[in-house]
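Shared between the two complexes below is chain A, which pairs with chain B and chain C, respectively.
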Partner chain A sequence: MSVVSSLAPRSGRTTELVLTLAAVAIVGLAYVNLGLATSGTIPPGLAALGVGYLGVSLAFHVVLRWRARYADPLLLPIVTLLNGLGLVMIHRVDIARGRDLSDGVALRQLMWSALAVAIAAGVLVVLRDHRILRRYTYLAGAVGFVLLLLPLMPLIGNSEYGSRIWIRLGPFSFQPGEVAKLVLAVFFAGYLVQTRDALSVAGRKVLGLTLPRARDLGPILLAWLASLGVLVFEKDLGSSLLFFGLFVAMLYVATERVSWIAIGLALFGAGAYLAYLTFGHVQTRVLLWLHTFSPEALQSSDQLAKGLMGMAAGGMIGTGLGRGRPDLTYLAESDFIVPSFGEELGMIGLFAILVLYALLVERGLRTSLGTRDGFGKLLAAGLSFSLALQCFVVVGGVTRVIPLTGLTAPFLSSGGSSLLANWTLVAILLRISDHARRPLPDEQEGSAVGEARTEVVRMP
Partner chain B sequence: MLSELTLTVLRLGLLVALWAFVFAVVGVLRGDLYGTRVNKRVAAPARGPAPARPAPARGRGAKPARKGPTRLVVTAGPLSGTTLPLRAAGTLIGRSPECALVLDDDYASGRHARIYQDERGQWLVEDLRSTNGTYLGATRLTEPREVTAGSVLRIGQTTLELQR
Partner chain C sequence: MNAPVRRLSFLVASLFAALLVSTTLIQYVFAADLNARPDNRRTLLATYARERGEILVGQDPVATSQPTDDEFKYQRRYSEGELYAHVTGFYSFYGAVGGLEQSENSLLSGSSDKLFYRRVSDLFTGRRPQGATLETTLDPAVQKAAAEGLGNSRGAAVALDPKTGAILALVSHPTFDPNSVAGHDLGAVEKNYQELNTAEDRPLVDRAIAGDLYPPGSVFKVVTAAAALSSGDYTADSTLPGGASLDLPQTTADLPNFGDRPCSSTGEVTLKQALVVSCNPAFGQLGMDIGADALREQAAKFGFGDAPSIPMQVTPSSVPAELNEPQLAQSAIGQYDVRVTPLQMAMVAAGVANDGVVMQPYLVQSVIGSDLSVIESTEPHELSQAVTPEVADTLTDMMTAVVDEGSGTRAQISGTTVAGKTGTAEHGSGRAHAWFISFAPADDPQIAVAVVVEDGGEASSETGGGIVAAPIAKAMMEARLNQ
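And then the complex of A and B:
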């Protein structure tokens, strides 16, 4: 860990502007490519959509110039590109399904993107210092668990595609788990900053691992039970893995003790195995994972098999946008958007996207290293780890590394709640990175405060 | 035929553009790895009496004359591993957010101690009347004391070392 501050710190805003323009240009190129491939003409709405998307991302850039001058210059371009590519792919699936731009999913996703950017900008404007969030540690914890359990409520809870992770209010459906991820990261960060000393006191050493004391196991057991509850009652392995993984990772970051990871993995393995033995839907998932092409598996779902076939059809350089058949796969625009990209952009294109995710996470972790307060460190590390874990769960699921679960690929997949949550996550990361990269407060500048001495309180 | 060619060019062009973007981002990232040799430049203003803002371009070639400490390293405590460059104008240590090194330590005061350079270019550490005291080695500071590279300070549960 090191804090690096140069004497003439560069805010990097110009770099950000150039890269954001490049990102929008690439999205435009993809859109033109898609139009030419499917209808043979340059799509008519190109100018309007292009200017709209450019406007949205530049507006966010201006907010950054105004409110977070020293924020990390790479987060916005990467996110702009990922979001734009997702829009193009969703539009592509729309076309294949015979929907045109005006009544497709893509336009709705574009509106959600604009709303998400507006909310993220709002977060940046309102939240001047991320340490304010620490005041709401326990409130965040309560809200997080309520959000997690909200889909189980009788009236608003809604079960779709076999998982009960949606709530439905009138015409709107929302996945509260996505927001819960953010709120719980705030809670874990605040809680661990307070208690990490207790959690990292020396315990008994077994086989080179320093095991914690039995009474310090409470929090991890609670988190384990909660995530197991999500797995059992909401039938959502992805969210359950995400929350428990987030907690264990933040625990490790806070205490620097490998034993927590060992304990966490052991607990999760045991829990998952128990769930496998007890619940039919988990067994189906495992069957689909291990024997994807067996007749029994294909009988219950051929989604995973089709996704794999699609990626195989794409090969190294892909079929080209608009030339594949990603729409054959069920949910090709949300959960299976990664195979859709694999088919049309090939392995080369898909790996570019994965590298973009890796860079995004790297920037987050770098922010965490650069921050000078413990809460910010933990929060940035937790948020970026949750992004990384979500990517792992999504990509691992569609490539048969782990059982398939219903998580969305951040920024790419269609789905408003996921977009809102992830843009807000990036806004918080930007706020923390602004704090981390901002030059140290100068002695001269704060002279009024600087002259004052520390008050000594004499105890009677 | 032409359209097919255009499409192929576009489609490969998209892949190239994607990777070009990735490499552009990585190019910016390199600054993190190689562009951080800032300590020399911080040490450069050591000679002037109190230059508030040294010209960043100068001092690159000129080596600092003194072999004084240039950075502060946290060697133990919650922030262990953190490094920050010393500035001649003074580096504040404490729990208050205005400090250069913000300690998350119950035994540290809001503004606990200051490391600065006097007119002769000598580095000094001064306890800012903290509640629990600043220790240089084993002795508690009562007045500003000279420090050199290798000096070890203790504030609450945090141990700091000055390094060259």
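And then the complex of A and C:
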């Protein structure tokens, strides 16, 4: 503690490069493994696809070196690995369904990935400081709520697999909730940074819990109503849980008041229970969740049951890539891609993926801790928590922790909107982490001079 | 704001912990239950996707897994399906049903612990696991002779190598085509299976080892004679009553001879003569004289009461536990509630043939791995010493006389001494099963046979076994001896 080191601050870019190369190598290995298992040959497009994927990852790495030198070095490798594994699994399901690479879902996903990376790189180039986003707080709020409501619009709103969380414009379909997650996090962060003082003013103390003043309950009630609206009208518990959970978590971080969490949980619990009592589709979801294998549930839907059987077939070590039957599960390349991984890579492989997600979230939260400005802190915490919550909703849905919902597994599931939103989310996290880890200008100067410094405590 | 972010990360950690737990529950703790669900298509496909081992008769595979283009990967085919239907059983949507397919399923499918090391190496080499091949003990010539002999009749025929217990033929009629229920067209398979399962003459039942058990009738007299000779109180020349009927104690009923004719003009017969003409009064009296315990013990020494696995499960044959005198007299001639499998009667013939030693019957000679190495080979195993070699000699003499000059002349093979015994087992009114057990050559037995033809005889005549069953046994023995 007493020794002040004069080490040059580490950017971590070399670590990132090595890890990214490793991630691309793992993806390539998985692709070769899949080819050998299904057709007995090394897939012919390996070189082109490998070089392509490597090129895209390295390009993003170069952008980071250029525009965000001190950004967190683990985010890119993790996301590269997750996205690549997702591509391999989507391709695997393509093969099982008799689709070539050229007419399969995987190629489309690959193009979406490239586009998503390009947009994320663009965000890093254009957005030189995340605090700029704070200027658009209310615009983000408006856009967020519009996006949430879009699927309910006639003509473009589209109901798929029981949930109305899609919009369709001509040949394109889009899950606006994915983007809404992003802009709402920006809105919540900007809004709460402004109002946190008011919201953390204590009110009465009840049962050891300091409740906020009644007049400050407005925002949480609004968010609650909106999330209930999503649950009831878009029939999607996942999105509803995601948005409300995100809001409550950010409210808690901003105000440091546990009472907000208690109020939020109570509100959501009561709302969900009311919805359960009132709406048949909510009851069906709960039946499918609690009594998956009962005859009534199977009559309604056996997709969860099939996913569970797929995971069980994988067991501890899995059937091996290309050796299982993930195609027996519906939506094996999107909503049920996690059971597909569970089947072919086994419990161990799924653990690895969950750990990757946990690591991603952990790096995000660490970024939040390291950031000096309140807006950045809130935004980083919110974005990270939204990732965690989404993982929980998706994986928890297919493993019967919570009722099944229609959300996608970030970076893994097939779907352009999800990729675009999540890569952008990571770009913003990278931007904030660059800000958090970047040495202050005078420190940089000091180390450049290489002189021993006398200043131990730096006054702001 | 750092403290709540830290607490938030605990929440995140517990969320992920919950996911790890739920994943473990599904993929490890409850995985077996989920896999065992009847509606689990993956399990079905996985069992089909394995290349099952073959079942060989001689050098020829009678059950093979052939690659297909459909999602089941392999189709089980049975060449000469009807001939070996009860030996192979079949492999279908109903699982492995009957025969070796069922009883050796773990070996054929490759999941047996005996194949453990092979499975481990498959895991590392990435080879698809393959089942082991079963080499049976069957002699195709004997099997065919038995099947042709039975023809359209209901019944069963079993042949053993008396010296080893190896099963040379195992035939049950009517039979069925296992291919008709092993296809990949679920609808057709279900229809065919239901037809077979509900057919009146029950073709799916293996009458040779696990049918409704037959009354043995006069072939059981060999066991009674063995018990008498083993007691030391009787020789082949001991005299017994040989009238037209035997007055049974405790009842007004008599034990009549077939056709109510006396066994001899003198009204007395020797034990040997009694066997040659299958004299009911003589054996009825003999049974009462030696007692129920001696009879049961002798039967048990031949294997009655055992349920051997050959590896299919064999229904135990039985002599009733409680017998009064008239019932004992009836039992001594193989009536009343004595119930046998054809395999058991073949074991009686084989025991006499093999100097009194009954060998454990077996159908699988060896288990061969997919790399053609022998995993397991069956060694002949002594089941019991049913009678002394001397008694066995005497019985062989007596049974040889049956074929030479008695009721079994139709089993004679020129140039070879054949020992045998006919039987006509009454069941219900009027009809009777025709039986024949035999072995040949009498001095150096190569084959022991038991044949039963359901309703092959008439209750009033002892000729059923000799006329209907003996020629089938003869054909089977010839098929073996002519090789």
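The criterion applied here is as follows: the second predicted complex is superposed on the first by the 435 of 460 C-alpha atoms of A that agree within 3 Å, B and C clash if a C-alpha of one lies under 4 Å from a C-alpha of the other, contacts with A are read in each partner's own complex, and residues count from 1 in each chain.
What we mean here is this: a residue touches a chain if its C-beta (ideal position, glycine included) is under 8 Å from a C-beta of that chain, and two chains touch if they have at least 3 such contacts.
In this text, all values refer to a predicted model and were calculated from it rather than measured experimentally.
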(message) By the touch definition at the top of the document, which applies to A:321: first (chain B), second (chain C), both, or neither?
(response) first
### Message
Going by the contact rule set out at the top, does A:362 touch chain B (first), chain C (second), both, or neither?
### Response
both
Handout entry: Contacts of A:102 with chain B and chain C, given as first, second, both or neither
Key = neither
Item to complete: Report for A:299: first if it touches chain B alone, second if chain C alone, otherwise both or neither.
Response: neither
- Query: Can A:342 be said to touch chain B (first), chain C (second), both, or neither?
  - Reply: second
For this session: Classify the contacts of A:374 with the two partner chains as first (chain B alone), second (chain C alone), both, or neither.
Result: both
Quiz prompt | Partner chain(s) touched by A:81 [first = chain B, second = chain C, both, neither] | solution = first
Chain A contact check, chain B vs chain C, more residues touched by chain B
Requested in this report: Examine A:41 and indicate which partner it touches, taking first as chain B and second as chain C; both and neither are also allowed.
Outcome: neither
Check: chain A residues flagged as touching chain B and also chain C 37, 320, 346, 362, 374
Residue positions on chain A within touch of chain C in the complex are 37, 249, 252-254, 256, 293, 298, 305, 308-316, 320, 324-325, 328, 342, 346-347, 350-351, 354, 357-358, 361-362, 365, 368-369, 374, 377-378, 381, 384-385, 388-389, 391-392, 395-396, 399-401
So, in the complex, the side of chain A touching chain B is made of residues 1-8, 12, 15, 19, 22-23, 25-26, 29-30, 32-33, 36-37, 40, 73-74, 77-78, 81, 129, 131, 193, 196-197, 317-318, 320-321, 323, 345-346, 348-349, 352-353, 355-356, 359, 362, 366, 372-374, 440-444, 446, 449, 452-454, 456-457
Chain A partner, complex, touching residues on chain C are 1-6, 8-9, 11-13, 15-16, 18-20, 22-28, 30-35, 37, 39-43, 45-46, 126
Within the complex, chain A is touched by chain B residues 3, 6-8, 10-15, 17-19, 21-22, 24-26, 28-29, 32, 35-36, 38, 41-42, 52, 54, 56, 78-85, 87, 89-92, 94, 97-102, 104, 109-112, 128-131
